[in-house]
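See the structures that follow.
Common to both upcoming complexes is chain A, partnered first by chain B, then by chain C.
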Partner chain A sequence: MLARPSFWMIVSVTLVFAVLPLATGDANLRENLIIIAVAIALASNLNLMIGYTGYVNFGNVVAYGLGGYIGLYLTTVTGWPLLAAAIGAGIAVSLFTLVFGLAILRLRGAYFGLATIGILEAVRTFASNFSPWGSAAGLYVSMSAYQPLGGPMRAVWIAYLAVVAVMGISMLLSLFVKRSKFGLGLFAIREDEDAAVVLGVNATVYKSVVYSISAFLPAVVGALIFYKNGMIDPGGAFDLSLSIEAIVMLLLGGRGTVTGAVIGAALYEQLRGYLLTSPSFTNFHLVITGGLLLIIILFAPEGLIGGLYRLLPRARRVFE
Partner chain B sequence: MSALLEVRGVSKRFGGLLAVDSISFEVGKGEIVGLIGPNGAGKTTLFNVINGIFKPDSGNIIFDSRDITGWPPEKVARHGLARTHQIVKPLNELSVLDNVVVGACFGSEHLPLKQAREVALEVLDRVGLGKRKDALARELTIAGKKRLEVARSLASSPKAILLDEVLAGLNPTEVSHMIGIVRGIRERGISVFMIEHLMQAIMNLSDRVVVLNFGKKIAEGTPTEISRDSQVLEAYLGDPNIAEKLMESD
Partner chain C sequence: MFDGLLIGCVYGLAAMGLSLVWGVMNVINLAHGVMIAFGMFGLYFLFSGFGVNPYVLLLPIIGAGFVCGVVIYWVAVHRVIGRPILTSLLSTFAVNMVMIGLGTTLWSTSPYYVDFTLAGITIGRYTFTGDHIAAATAAVIMAVGLQTFLYYTRFGKAIRATADNRDAAELMGISSAQVLTVSFGLGVALAAASGGLAATLFPFTVLSGGAYQLKSFVVTVLAGLGKPLGALAAGILLGLLEGAVTPFIAISWIPLIEFGLFVAVLVLFPSGLFGRAG
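Right, the complex of A and B next:
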């Protein structure tokens, strides 16, 4: 692992993210980077499902939103410290997805995708009607809840660094799974599930485990981000379009590759930032996202990294 | 010779069709047993029942002195009973080497990646795919893909292997190469149970032959016995006395 260029690339990217805004104290830079860090974390974990296992999870944002709700509930109502609440949210969401995974991973192809949308909508409706979570109004973080971390200003920095750490762990997880026996089993399932099973891969267990693992870090990120934002509501937490944007990022960069998820997430966030702030495009950003998705699927299904592999086969060894 | 694989009265029904009808036979240790029969006789269905893709409606399958009836395919594979597919199922976007590593990793030995890679390289050399190890599986020719099927199942260190028409679609050179591979498998003490349409090959390779027709076992014996069996000749060539019978009934 230490001999792999990808490992050191991941470490460097994470350090740059952590050090640059801290050194300059630039809050704008921090806000820009945190959006990219979240995108990288979400896309990398989604890659475990879509890129590695071949199961398109349209409802991937459900882990992020649920993590946010559970995290916020634990910090504000139960009074847990932030990191404990974030990890607790991750564990709770992983267990939740493990149970659902065992049920819906019997479905293949488009049916699985539809089921994930169903889960997303069901959870959103649940959150909208669950009074401990504030029903449709959602949950708020009171200013006093930031006190244990030394006030809101410090709490924002701590949340930022924690998100960057989760981004780093997400990328390392992608790399580690890709180079493991577990990952090889996932690839075999992606290529031909029937053949994989005949070769001895326990597809039911593998799919459920990866579905559950791929929910853990997004849930942690959700807990951190919604804590930092100070509020959560069902519409913002369980937004189907965010799920689809995560898929676009992954396809743009190149599914199944560690680097592709990262580059796709960073590029897409840049584009989105430009579209949202540009006066002529602001209402059209999802239109352009949809167009981009179509172009990728039609003309470059392997994404940027896939294209790079094609041009330079040796790049496979460097950009995994 | 003690039986490694024992099939006892196995039946499999699809709706109104009895695809496999109370079939019993044994495959001994280190034996090559051929399975022949006209198209639709139930050969591949029998394979699918043995390796757990279908559950039999009745009967038992004993492998390596354990009752594996109703086990899921991955468990059967890990217990040392490997198979290949008639319609090849390469893991297309993985390298040829990785395809075989999958077999070694998840087969009966549960090898860790590094050792699995060594085993895979050795097996690839044995089937003559060593030079193609870095190619993607989809880039192989049909003959290459058939060898890959065999290599993957061999890498799992099986005690027995089910070969489903590994010679079909190959040219004569490729056929003789594959026959060499099958002989090599047996020399390592691995039992082979093979479906084949190429009579010359099956008669040459097999110690014994089982013949199916319409889901029933109609004959079993050495290749010589089989080639003289009137029921077998009828199944393949039609009733030799059909003309006389037709005239009598007039």
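Right, the complex of A and C next:
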């Protein structure tokens, strides 16, 4: 692991993310970077499903939103410290997806994709009707909840650093899974599920485990982000377009590659920044995202990194 | 309860288009819901523009839906036929996003409704609203029409042959590109028609298509693929179920129940409730 260039690239990117805003104390820079860090974390974890296993998860934002809800509930109502709440949210969401995955991942391919759209709707319905979570109005963080971390100003910085750490762990996880026996099993499922089963890959267990793993870190990120934002509501937490944006990022960069997820996420967020700054584009950005997605799928299904691999076959070793 | 049965016919019609496309080309059209919504808006604008009977307006909507379907097929679907299912899911989803984006830009997400009612029929203690009955009748007529088309015409048989085995159909001299284009067009036309019918019953927004799409998935997996009358029956079943549970639980919980049903059916009866008989 330590001999791989990708490992050191991941470490240095994470360090830059952590040090740069701290050194300058620039809050604007921090806000821009946190959006990118969240995008990278979501896209990297989604990559485990879409890129490695070949299963499209339209409801990937469910883990993020559920993590946010559970995290906020734990910090505000039961008074857990932030990090414990975030990890608790991650574990709870992972267990939920594991159980759920064992039930629905017997479904193959497209049926699973449909089920993930359904689960997004279902969880959103649940959150807007469940009164301990504030029903449709959502949950709020009171100012006093930031006190244990030394007031809101410091709490925001701590949340930022935690998100950056999770981003780093997400990238390392992608690299680690890619180079493990488990990862090879996933690739086998992606290429030909029947053949993989015949060769002794327990597909249902593999798929459920990767589904559950890919939910853990997004849930932690969700808990941190919604704590930092101070509020959560069903529409914001379970937003289908965020799910889809993660898919677009992944395809833009190149699915199945660690670097692709990162580059796609960073590029897409830049693009979106441009589109959102002009108010007439706010609705229209869906059209552009959709159009971009369509073009990538039809004409460049391997994404940017796939193109790089074709130009420079040696790049495959460096940018995994 | 009886109302559920009538609304169920519309659900069935909404699902037929999805089921046809899914069955024939093995593409799950995720732009189905947004086409239902466009059908609703089509009816709304034609109705407020010309003030003709909305059931007459269904004909131009079906025509426009067919044209839209053919265009979507050639732009987004034709290239991904035969590629992994993931690809066609994503490409139809991309179409869905583009259209929803256009819809929200043009019409915002505020609710619209078609100001049209038919006199109801009163039998004993119950009153059945006229527009529900008319919508159900229109849905049944279209379902029977589609069934007849698929089973008793030459082109319909070609569609079913392509659904069974595209290579073999091609060898028998059936142009599969033509068949796929027509089926996709028909699928979208049916979506638009059901949207038009639903618009006469309920208020709607650009995003309402999503709810009908979820219902269509439930109906399609209940009915099995490519069976119009099966879809109608499953739609009625779903409508009845909704009618039966609403007195007991809040209406906002319904998507959760439908989704539970969807997963349960997929896991327990992978070939649909009517899978064997059809």
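The rule is simple: the second predicted complex is superposed on the first by the 318 of 320 C-alpha atoms of A that agree within 3 Å, B and C clash if a C-alpha of one lies under 4 Å from a C-alpha of the other, contacts with A are read in each partner's own complex, and residues count from 1 in each chain.
Please note the rule applied: a residue touches a chain if its C-beta (ideal position, glycine included) is under 8 Å from a C-beta of that chain, and two chains touch if they have at least 3 such contacts.
Everything quoted here is computed from the prediction, not taken from an experiment.
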Quick one: classify A:Ile119 as touching chain B (first), chain C (second), both or neither.
-> second
Would you check which partner chain A:Asp239 touches, where first means chain B only, second means chain C only, and both and neither mean what they say?
-> neither
Given the touch rule stated above, what does A:Thr289 touch, chain B (first), chain C (second), both, or neither?
-> second
Which of chain B and chain C A:Asp194 touches, first, second, both or neither | first
Which partner, chain B or chain C, touches the larger number of chain A residues?
-> C
Based on the superposed arrangement, let me know which partner A:Lys181 touches: chain B (first), chain C (second), both, or neither?
-> first
Complex contacts: residues of chain A adjacent to chain C = 50, 54-56, 58, 103-104, 106-107, 109-111, 113-115, 117-119, 121-122, 125-126, 128-129, 241, 244, 247, 251, 283-291, 293-294, 297-298, 301
In the complex formed with chain B, which residues of chain A make contact?
-> 180-181, 184-185, 187-188, 190-192, 194-203
Complex contacts: residues of chain C adjacent to chain A | 28, 30, 75-76, 79-80, 84-87, 89-91, 93-102, 104-105, 210, 214, 217, 250, 252-256, 258-260, 262-263, 266-267
Residues of chain B touching chain A in their complex?
-> 51, 53, 72-74, 77-78, 83, 85, 89-94, 98, 101-103, 105-108, 112-113, 116, 152-153, 156
